[in-house]
Structures are given as structure tokens and as C-alpha cells.
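First chain A sits with chain B, and in the next complex the same chain sits with chain C.
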Partner chain A sequence: MKTRWALVLAAPPLAIALAFFVVPVAYLFWVSLHQPSQSELYGAALTLGNYAGILGDSFYLEITRRTLGVAAAILALCLLVGYPVAYFVALLPARRRMLVTLLLLFPLMVSNVVRAYGWIALLARRGVINAGLEGLGVIAAPLELLYTTPAVVVGLMTILLPYMVISIANTLAALDRRYEEAAQALGAGPLRTFLHVTLPLSMPGVASGTLLVLLLTLSAYVTITLLGGPRSKLLVSMIYDGVTAFQWPHAAALSFILLALALVLTGVILGVLRPARVQGTGR
Partner chain B sequence: MSALGSSAGEIDVRLTTVRKSFGPVLAVHDVDIEIPRGSIFSLLGPSGCGKTTTLRLIAGFEQPDAGEVYIRGDRVTALPPYKRNFSMVFQSYALFPHLSVAENVAFGLRMRKTPRAERSRAVTEALDLVKLGALAERYPRQLSGGQQQRVALARALVIKPAVLLLDEPLGALDKMLREEMQIELRSLQQRLGITAVFVTHDQEEALTLSDRVAVMRNGVIEQVGPPREIYDRPCTEFVAGFLGASNFLDGTVAAREGATAIVETAAGPIRLGADAPVGARVRVAVRPERVRMRRDGAAGLPARIRDIVYRGPVTHFYLDSAAGALVCHQQAADAGAWSVGDEVRCAWDPASAVVLSDGRA
Partner chain C sequence: MSRRRTAGRAIRGTAAAIAFVLILVPIVIVVVAAFSPKDYFDFPPSGLSWRWFVEFFRLENMRGAFALSVELALAAATLATVLGTLGALFLVRRRGPLATLLQALFLAPLVFPTIVLGVALLLLYKTVGMPVFPGLLLAHCVIGMPYGFRTVLASAQALDPALEEAGQSLGAGPLATLLLLTLPLVWPGVLSGWLFAFIVSFGELNAALFLTGPGVTTLPIEIFSYLQFQGSQLVIAAASTLQIALIIGLVALIERLVGIGRIIRAR
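Up next is the complex of A and B:
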């Protein structure tokens, strides 16, 4: 009886996931296994050539390396900036924590396109920063700020930071203070209490924040295109380029390489941070 | 683990007129405590009485508004918890979920930078002490409540603290296990000569475990003493009522015969050992198990059986008298002869009746 109701309740979302996710992804994979065609979506012959072409091409290796570099930099910055912020947010009383969380979410209400143009206004050759520095006589010629990889990193990082802060803050706020007291009772000062108890116990939040930021970085497009320009392309940009050039099977294969990369990285993060081992309380 | 050295008479924990309020609420009001080395001191009282706050003041998790805290003669009032010589077992145990049993127990030694070899020897010893040597590599979530409790105890004992603080450590266990752990805890404490402060709201637990009990109410210690004294000679109505049931009788001292006072109640005279002067209005407490029922016509307070409740080893008799309701507990073996509606006479040893200091009859 109970299982039948569970099935009834689960059926509609399962059907939707099947129709709009599993089937298209399977189809996309099917597409990626075919030769390109001038007139059709894909050619008739089955081939692994699309994958072989990408994996054997040093250009794509470079793009992949850049993508990983950007993701690593964004993750590092989000953790470095986000953890301290989350720590202090978690210390706030519940009502004020709610308010601060809302403030953190506020930038997410502004479209990424608008935010990217904001960065362009700041970073462009005649943008606020260059104009300001030139006006002050600090630099003679405008700095090359826009359309660089650092511009992409900073632009994406500021968008993704709230995800990291909120994930970690929620875990820290739910942490039983008795753990920290127990550590202190055993002679651990504030720093060692943090390193040996608070930090490891916040790993579920760090893991979920890291995964969110990583996956959103890998799938971001607008910010990368607007701030990275033609020289700082990432894997997603190459998929888009493939689609616009009507190289459907090639773009499909690239999509699966990106998906595989995301899965591997997710596995690595979960393996390193092992959030599950602190889940379940000490009782 | 060696005994911690039980030089008699040394005071391991001392609180002098300690006061703590949270906003407008006075949680601990001028509390004075002295705990001699090697003894268990219980803080007993209902929730909100200030017993846990008192414990947290000793630990340093709370700062007193006034008064001083001493551990082993050192004034620690201004020291943070991690610089005080104590360890603590929490009600929730607070075992670190990301560390194994052995790592949990080793934590305090690591913080003290104990060399690795000595550390692992001490951990093994502590785990053997609580009979958990076989589970050293498990994680807390893989243990039962009772096992977690033992790990928490081993973790607290392994650092050989000057004082062991226990915050309702048995509260989360079921009744059978709790009684077993009480006895085990007591024998462990006596074997190791540990000084311990024990917070509980369970009066039986306090009586079983303690050398001395402090009964707290509204931030004030109402009475301190050995369990037997607290139970047999309660000073206040609250203490008498909180530690088991009590009968309360109001009356006036009508006459004195040496050390014995004869108190006239609404139901007749009762005799008890007290130094209250003739004419004083007093409130008298008598434990239900001290009350003996006799057949109508014998000496004693006349009463009538309203209800009889069979409770296994004892039977509870609920009585009505002119001085108010009374309760009498009788061993099951003696209880069979009575039935509801019987007219009885209630009597007790005058030495077992107590005049309460706050009895405004």
C-alpha cells in the first residue's frame, strides 16, 4: 500500500525526467557516435572519430586545461573568501542570519548579462579602472584587463560566491556547539578547536558548496563569453561554437567529454572531502 | 590508570559566592561549593534550577558576574576552558563523528602533545577501563547509546583531569542501562579516586552516586549534605518534595518532653524530635515509607483509606485525615490486610519526622 502510493507520487516527476532528460541525453550520445553530415543532423555511419578527434587534438587539451584552471581558481577563491564569511554568518542569531542570507542572495536577482556588462564597464580599455589609473598618472597605456582569463575568474567568482557562503553557513549554523565545547574541555584552544573539530565537521557544507560552484563554473556561458572574449574560451564555448557551425556530432561528443569531466571531478571532491563520514551525529 | 592521589581534605573545586544572570534571569545566585578530592558531588534539581549553569561556570563555558572559581587551589575564574584542568562528559556525549573511538579518546592527549607511544598506551588502557577495547576502530555512529557513553567517559578520563564534570551523562540511556552505568561509574570513580561534579534531575541517581548532594532551586542551593541526610532530614519543603514523596502536616508545638516536641495538628497530636519552642507553628514532613498503619483504636493519627495502588515491591496507600491527605508506602508483604474504606491509625518513629525550616504553617 505504502509503496504503491510512493510509486504514484513519484511517477510524474520520473516521467518528466525520463522524457526531458534521460531520453534527450541518450539521443545526444547517439548523435555523438555518428559522422557529421552536410545536410542532416548526423551522418549515417557509426564512428568514434568525434571523440578521437577531440582527445587527440592539443587545442582541446589546452582548452580543457584552461577550463580546469579557471574552475580551480574560482573554487580556491570561493573557499578562501567564502569560508570566513560563512563562519561569521553562522555565528549570527537566527533572525539576523536570515537577513544576511537574503542580502547574499540579492546579487543573484540581477541577470548575469547585466553583471557581465558591469564588469565590462569596469575592465574595458576605456573602463573605469583604466581611465582612473590613467587619470592619476599611474599607467601610461591602458591595461589589458577585459577578455582575459582572470576577468572570467573574477566575474564568475563573484556570481558563484553566495552558493559557497550559504552552503557552508548552513552547515556551520546547524553544528552542535557541544562539539566545540568538548574540544575545549579536552584542552584545545580556539585555533585547534577550529582545525580539528569545526573544519572537519563543516565538510558537508564545503562539499556541497564546492560541487555547486564547480558544476556552475563548468556550465557557465554568458559570463565567459562576455568577459573572456575570443581568446579565453572554455569547453562550453567550444560546444556553442560547434553547434553554430552545424557540427552537431562534434558538439555532442564535446558535451559528453565535459559531462565525464564533471563526473570525475565530483567523484574526486567527494572522495577527498568525504562529507558522509561526519553525517549522522555523535550520539 | 593510576589513582589521582587522594590526599584527604584537599579541596579540588571551590566556588565562592558565584553569581550568574542571563539578562533579567538570575540563573545562579551566590552559590558556595567545596568539593573534597576523590568525592562525587551532585547538583540536583528541576530543569532551570541553575545546576547546569553552575557546572558550566566551573568549566569556564560561562563567566560568572561575581564570585570566584578555584580548581585544585588555582583561581581559574578568568581562564578560558581549555586552560582549566577538567574534562567533561556531555549529555549528548558530543563524540567527534569524524574520528574513530580510539581517535576520540586520544584527542585530549594530542592536544597535550603526549608522545605517540605513550598516547596509544593510555588510549588502550582507558578503553579497557570502560570495556570497549574491542571497538577502538569503530566510529561513534556505529555504537549503541551505552557504548557511546563509555567512550565519552574514557575520553574524559584519559587526560587525568583534576575534576570530571558530568552533565546528565546517563539521561539518554534507558532505565536498566542507566542503573547499571550508575554502579559502574561509582566503582570506577572510587577506584581511580576521581573528583567529580555530577548534574542530574534524577533524585535516585543523585542518591546512588554521590558523596554529597546539593539540591538547587531557582539558582539557589537549598540544602547540601550526604544523600542520607538530604533524604532523611530535608530542611525545606522543596527538598522534601523533590527527593521522593513526603507527607506534610501543619501544627503548633503544644508541649515539650526533653528533646521531643508534641505538635498538635488538626487530626490530633504527633510526637517528633525537634527543638522548636512551645507555641511555635511548624510544618512537619514524614516520608511515606516511615508511616505505619494500625487498626482503628491503636495510638496514632486517625485516617481513612481512600485508595490502594499496587506497585510491585511496595503498595501505596492514599489516606484522608483531618490534617489533610496522607500517603503511606508498605512492603508488599505487609500490604494485603487492608482494603479501601478501612479506618486506620497512622504512626511513625518520632525521629523520622522533620520540622521544615521554611514551613510557614
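Up next is the complex of A and C:
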């Protein structure tokens, strides 16, 4: 009776997760292993040609390199700006910390397309920045700020920054201050205490923030398209183009290359930051 | 030594100031632009007007997209929260490899690239002939499910098992225990999960990008196609401001009902 009753609880979410998550992704993989077809969604013959075609094409290698470069730049900026901000937030008294966290959560609730639009209004040829600089007489002609790779990096970095700050701040705020006090009592200065005690102990937050920012960067099609234009396309743009051209097996193979890239980068980040070293050791 | 400490404080303060400017200015600009009285956006604004909001509600496709987004988010968040709650209540006292696998499955959409999920669902829907709205609803349900699951699981794990045992020893069956005892106790988790699922669905782009159809478009996708194909007209700023306003209104409502502090902590 007890198990049967419990199964009633588990069955609906399990059914939805299988039917609309596991099955479609498996089907997509199945399609990626088939030849393209003019009349059907995919051809009858099994092949690895879609993967071989992409991996052997220097165009896609260049796109992949650009994707990795943009992701690395966004991650570096998010860490560089996000860590001190997280430290700032973590040291606030509890009530103020709650307010500031709310201020960081609010932008995450606003759709990314709206936040990208804000950057367009700032960076466009007749946008706020160009108008301001022209008004001050700093520049004679408007600068080309929009539709560049730096626009994608800066825009996406600010859109994703709150994830990094909140992740690190949560870890730092939960940190036992006695570790730092112990280090200082033993004669370590503030810098050494930070480098040898605080920073290593905050690695779980750094790791989860880094992973979130990375994964969201890889699928941020709309932001990349709006701020980067046709010249700054990344892997995710290629998936979209493949789908709109009805090249299903090709788009499916690109999707799994993106997934594989996400998986490899996740492994690298966890291997470098090793958050598990800190977790579970009591805090 | 104290100079270094002051330097540390200065770095943190400066970084925080820069970060908040970079994060908030683009959003503020959009809201300011929405009230522009002119055909184009000039900064600083030369006056205030509602004309772009009037224009927004005059445009049938904008109005329709707004209504569809609200309906979709309400339905998807509710369905996702019910399913997530069921999954969490099933898993709360279970251990072992099967429970770990199920938990990973219920949380996976949180980290799975939604663009790939969108492509996969479009392909499936094309094959089985799924209509647009139910297709979108199920996609947003999958994306929203982890939020309710996570918050309810956290709330339920904090419960004292003795409470449920007490309920059952007083003669309550499993259904009565669930509805009269467990559910009221995990309610903040349920509400918090619903709020996040609603907000995620209301702003979601990557799955909706593939799954919307002619005449059945969500507000974020409508804003995106306007920006892409018709340039940045200020009616977009009005649409964006309405997007922001609805979220602020919802958060304020939840704050009045249960207090936002509990919601944030329940994450």
C-alpha cells in the first residue's frame, strides 16, 4: 500500500521528464546520426558524416575558437568583477545583505531580451554613449560599438554577473570567520589570509558561479544575435541557422557538439577549482 | 597592514559600484526610453508621455503576445510546481541509487542548455504533430519543474518526520497527512518554486525561439523579432517596461502574502 501510494506521487513528474526531456534529446541524437534528406526530416542511412563534416570544416573550428574565446573573456571578467563584489556583499550586515541580494536577483528576473535592448540603446550609432561623447565634443563621428564581439562580451557579462556574485557571496557569507581570525592570530596579514584561507574556502561558490555563467553563455542565442550581429556568430547561432534551413541532422550534430563542449569545460572547471576539496569538511 | 585592509575595502566598494552601474543602467535606460514623448530616444529625456504604452496596446500582435505570455507563465508555473512538488515529496525520505538518479533527472533541466532542449522539442513536435500552445506549455513546464522541486525538497527535508508519524498515529491516511499536514508546512517552498517558474517562463527565450508559431508568440520573442527586423522602435521600450512592471508587481504581491525573505531563503 505504502509503495503504491508513493508511486502515484512519482509517476506524473517522471512521465513528463521522460516524454519531454529525455526522449526528445535521445531522438535528437538519433537524428544526428542520419544522412540529411530533401523530403523528410532526416534520411534513412546511418552515418557519422554530420559530425565528421563539422569537425573537419575550418569554418566551424573558427566558430568554436571564437565561442571559447568569448566564453573565456566573459568568465574572466565575471570573476574579476564578481569576486570583490561578492566579498563586499558577504561582509554586509544581514538585513542590508538581503536588500542587496534582492537588487541582484531583480535583474535576473527581467528577460534577457530586455536587458540586451538596454545595451542596444546604450551602444547604438545614435545611442546614449555616442550621443553623450558627441555632445561633449570628444568624438566627431559615432563609434561603431554595437555588432562587435566586445559588445557581446560586455553585454553578456553584465547580464550573467549576478549569478556569479550571488554564488560566491552565499559561500563567503556562510564561511566560519574563525578560520580567518586564526590565520591572523598566527601572524598572516590580510592579503595572505585572503590568498591562503578565504579564497580556497570559497571555491565551491566560485565553481558553481563559473559553471552557471559558462552554461548560460553557451546557449545565449538572443543576446549574441542582438549585440553581435551577423559578424560575431557563435556555435549557438549555427544551431539556429541549421534549424531555420531545415538541415535537421546537421543542426542535431551541432547541438551535441555544443553539449560535448559544455561537458568537457565543466570537467575542466571542476578539475581546476576542485570544489569538493572544501565541501563536506565542515564549516 | 591596515593600509592593505583599507585598500581591500576600497577595491570591494569600487567593484560593487561598477558592477551595480553595469547591471542596472541598461534596465533603467529602457524604462526611461519608454516614457519618451518623441519618436526617438534622446538622453536626457525632454519630457514624459504615455504614448508608447498606448501604441503598445493598439498593436494587436503586441497585445496578443503579452496576454499569451501571462497565460503561458501562469499555466506552466502551476503545472511545473505541482509536478516538482510531487517529485520532491516522493524523494524526500528516500536514499539509494534510484533516488539519486531521479533527483538528477528532475534537476537536470536547470543546467541543460535550453537551446538544445528547444531544438529537440521542435523536432519531436514536428514528428508527432503537436499544436503550438500545448507544446510551449510542456517545454516551459520541463524548464520550470526543477525550481519547485528544489525549493519543496529543501522545505520538506527540514521537516521533523515525527510530525507525519504523529498525524498517521492519530488516524490520518497518507492522503490526509499529505494534504493537511505536509503541504501546509512546505507551502513557502511551493510558493517560492512557483514564483521562480513563473518568472523563468515569462522571460524565457531559447525554447520559445523555436516553439512559437505565427500568431502564437510570447512577449520576449515578439520583442526580439521587432529588434531584429524592425529596428529599435520605442514601442519595444514600452513592451519591455511592462515586462519589468509585471515582475515587480508579482514580487510585491508575494512579499505581502508571505514575505520575500522567506522566498529567498527557501531557494
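As a convention for this text, the second predicted complex is superposed on the first by the 264 of 283 C-alpha atoms of A that agree within 3 Å, B and C clash if a C-alpha of one lies under 4 Å from a C-alpha of the other, contacts with A are read in each partner's own complex, and residues count from 1 in each chain.
Throughout what follows, contacts are C-beta pairs under 8 Å (C-beta built on N, C-alpha and C of every residue); 3 or more make two chains touch, one makes a residue touch a chain.
Quick caveat: nothing in here was measured; it's all calculated off a predicted structure.
**Student:** Between chain B and chain C, whom does A:V278 touch in the aligned arrangement: first, second, both, or neither?
**Tutor:** First partner only.
**Student:** Who touches more of chain A, chain B or chain C?
**Tutor:** In the superposed model, C touches more residues of chain A.
**Student:** If we overlay the two complexes on their shared chain A, which of chain B and chain C does A:L201 touch? Say first, second, both or neither.
**Tutor:** first
**Student:** Quick check on the superposed pair: does A:R115 touch chain B, chain C, both, or neither? Answer first, second, both or neither.
**Tutor:** In the superposition, A:R115 contacts chain C only.
**Student:** Return first, second, both or neither, reflecting whether A:V222 touches chain B, chain C, both chains, or no partner chain.
**Tutor:** Only chain C is touched by A:V222; chain B is not.
**Student:** Can A:A45 be said to touch chain B (first), chain C (second), both, or neither?
**Tutor:** Once the two structures are laid over each other on A, A:A45 reaches no partner at all.
**Student:** When the two structures are overlaid on chain A, which partner does A:G189 contact: first (chain B), second (chain C), both, or neither?
**Tutor:** A:G189 contacts both chain B and chain C.
**Student:** Identify the overlap between the chain B-contacting and the chain C-contacting residues of chain A.
**Tutor:** In chain A, residues 189 are touched by chain B and also by chain C.
**Student:** So in the complex, which bits of chain A are touching chain B?
**Tutor:** Residue positions touching the partner: 176, 178-179, 181-189, 192-193, 196-197, 200-201, 203, 277-283.
**Student:** How about chain B: which of its residues touch chain A in the complex?
**Tutor:** So the residues of chain B touching chain A come out as 59, 61, 80-82, 86-88, 90, 92-98, 107-108, 110-112, 139-141, 145, 148, 155-156, 159, 165, 172.
**Student:** Can you tell me which positions in chain A touch chain C when the two form their complex?
**Tutor:** These residues of chain A touch chain C: 2, 5-6, 9-10, 12-14, 16-17, 20-25, 27-28, 31, 41, 81-82, 84-85, 87-89, 91, 98, 101-107, 109-122, 124, 126, 128, 131-132, 154-155, 158, 161-162, 165, 189-191, 194, 211-212, 215, 218-219, 221-222, 225-226, 236, 239-240, 243, 248, 251-252, 255-256, 258-259, 262.
**Student:** Can you tell me which positions in chain C touch chain A when the two form their complex?
**Tutor:** Of all residues in chain C, those touching chain A are 1, 4-5, 8, 11-16, 18-20, 22-30, 33, 40-43, 82-84, 86-87, 89-91, 102, 105-106, 108-109, 111-117, 119-124, 126-127, 138-139, 141-142, 145, 149, 174-175, 199, 202-206, 209-210, 219-221, 223-224, 227-228, 232, 236-237, 240, 243-244, 247-248, 251, 260-261, 264.
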